[in-house]
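For reference, chains read A, B, C and D in written order, and residue numbers begin at 1 within each chain.
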Amino acid sequence: MVYQHHVRVRYGETDQMGVVHHGAYVAYLEEARTEWLRELGHPYGALEKAGIGLPVRNLSIRYRAAAHYEDHLVVTIWVQRLRAASITFGYTIRRVDEEAMLAQAEVELACVSLAQRPLTAQALPAEIRAALEATQQ
Amino acid sequence: MVYQHHVRVRYGETDQMGVVHHGAYVAYLEEARTEWLRELGHPYGALEKAGIGLPVRNLSIRYRAAAHYEDHLVVTIWVQRLRAASITFGYTIRRVDEEAMLAQAEVELACVSLAQRPLTAQALPAEIRAALEATQQ
Amino acid sequence: MVYQHHVRVRYGETDQMGVVHHGAYVAYLEEARTEWLRELGHPYGALEKAGIGLPVRNLSIRYRAAAHYEDHLVVTIWVQRLRAASITFGYTIRRVDEEAMLAQAEVELACVSLAQRPLTAQALPAEIRAALEATQQ
Amino acid sequence: MVYQHHVRVRYGETDQMGVVHHGAYVAYLEEARTEWLRELGHPYGALEKAGIGLPVRNLSIRYRAAAHYEDHLVVTIWVQRLRAASITFGYTIRRVDEEAMLAQAEVELACVSLAQRPLTAQALPAEIRAALEATQQ
């Protein structure tokens, strides 16, 4: 199972090359995964209130074609890998109603306890693990 | 007394009009005032650790001419007004070695206690007030 | 007539005070006005293709209460003033289903020809002026 | 040969986890490479004026430890790989005067002609290739 998140490019996300700046994609990916977590019944804000954080440990993006101002983008996200204390999401970004991929990405989140600094690894809560595993079937 | 902060425009701060996006100036103003506070012996991070925050209550920027990628900008900042629980900074932004103003701004910060939510007003700490008053002479 | 634009706060728009960073509002205001222009039949991108730009000349925001991660915000926008070569929009920002204002803002756009650098003032195209005037009745 | 670029963390680059948001690193990497290109005598702005762009094709960042507000960071950058129409830079990010790596990154830029849309690959200009090759000796 995948989730699809829709984004409209903001003007301030373009740069003087006339395309969406590569840094803007990081926000699109983040927005897609927190929308999905909310959809799955586990809003990320509630997780933090319970003392658990999911900071990004690895990020990789492959840019294949430029996006432009006012483009209506679809970010497709799925669970690529689940470990004891980490989740890896896979992503593609396309324009709505177009086949061609604009970008592919992978983001690995570590599961940490926010109670201690520096942040220390902790097992993914069972309900979130279950919800994410269910999407892999 | 005024303080001058130097900024080099980042590529991602431009937009497709080929100029610096108006939102980027907000970061320049913020950077200038926290650099100045550090210079005056009151780094803003230490203030927050002591439980005091200075959130922005009013922001106004007048844009007069465009800045461009790689421009070397000088942000001039001074204390415009000091009240019991607020500070207003005045600003101008120019290119180094140029007379013409690119922008003028005013930012009012409220002084609040971070211990309570919602954030509640509190008097500006005496040492910071003294340091800022000294710049007005 | 006013227009209402809905925004979900992104995680990256928060800061370490635990609230939405004041700079993020600039993007919300911009997104609201370009969505409204599209709704009115004048997408800003088409305007630029026709050689006309609407850079920001004045921006002012009054912050009254903090917004938080995952808040569902409603940006209300209206035409405050129309001049020969400028438009001023008024704004309020609230949480959906709440009365209290989080912020009020005013943004003045200049109408310019993109064909020349530096950008030079030009009259607002008649159809856009008509569409905006109609919202004032 | 490597180049070292110094960055002071901006307040707006933190998030509510109390650390630097992962997206902010993208700007640090970009700033480091354009400062280095300028240092090498090939400011990126001049390149664009000559009709050549270097958009990002691949980006990967491994986050190892958190950076904080007001941290003074050092971004170390070097040429990892040179191809006919692409450059790959390697990076590490540390706090000044500390051994521990906060992040490692790799960014691949494609060399394209800006004269055509969509952007089309073109050979890296000979002088830039020479300047970058010299840093690899």
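Quick note on the criterion: a contact is a pair of C-beta atoms (placed from the backbone, for glycine too) under 8 Å apart; a residue touches a chain by one contact, two chains touch by 3 or more.
What you are looking at is a predicted structure, and each value in this text was computed from that prediction instead of being measured.
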| item | value |
| --- | --- |
| Centroid comparison with subunit C (C-alpha atoms), farthest chain | D |
| Between A-D and B-D, the pair joined by more C-beta contacts | A-D |
| Chain centre separation in whole Å, for subunit D relative to subunit A (CA means) | 23 |
| Between subunit D and subunit B, distance of the C-alpha-averaged centres to the nearest whole Å | 27 |
| Residues of subunit A whose C-beta touches two or more other chains | 11-12, 16-17, 19, 23, 26-27, 30, 69 |
| List of subunit A residues in touch with subunit D within their complex | 16-17, 19, 22-23, 26-27, 30, 48, 53, 55-63, 65-66, 114, 118-119 |
| Parts of subunit B lying in touch with subunit A, wherever the complex brings them together | 11-12, 14-19, 21, 23, 69 |
| Residue ranges of subunit C touching subunit A (in the complex, touch as defined) | 8, 10-12, 26-27, 30-31, 34-35, 38, 43-45, 68-70 |
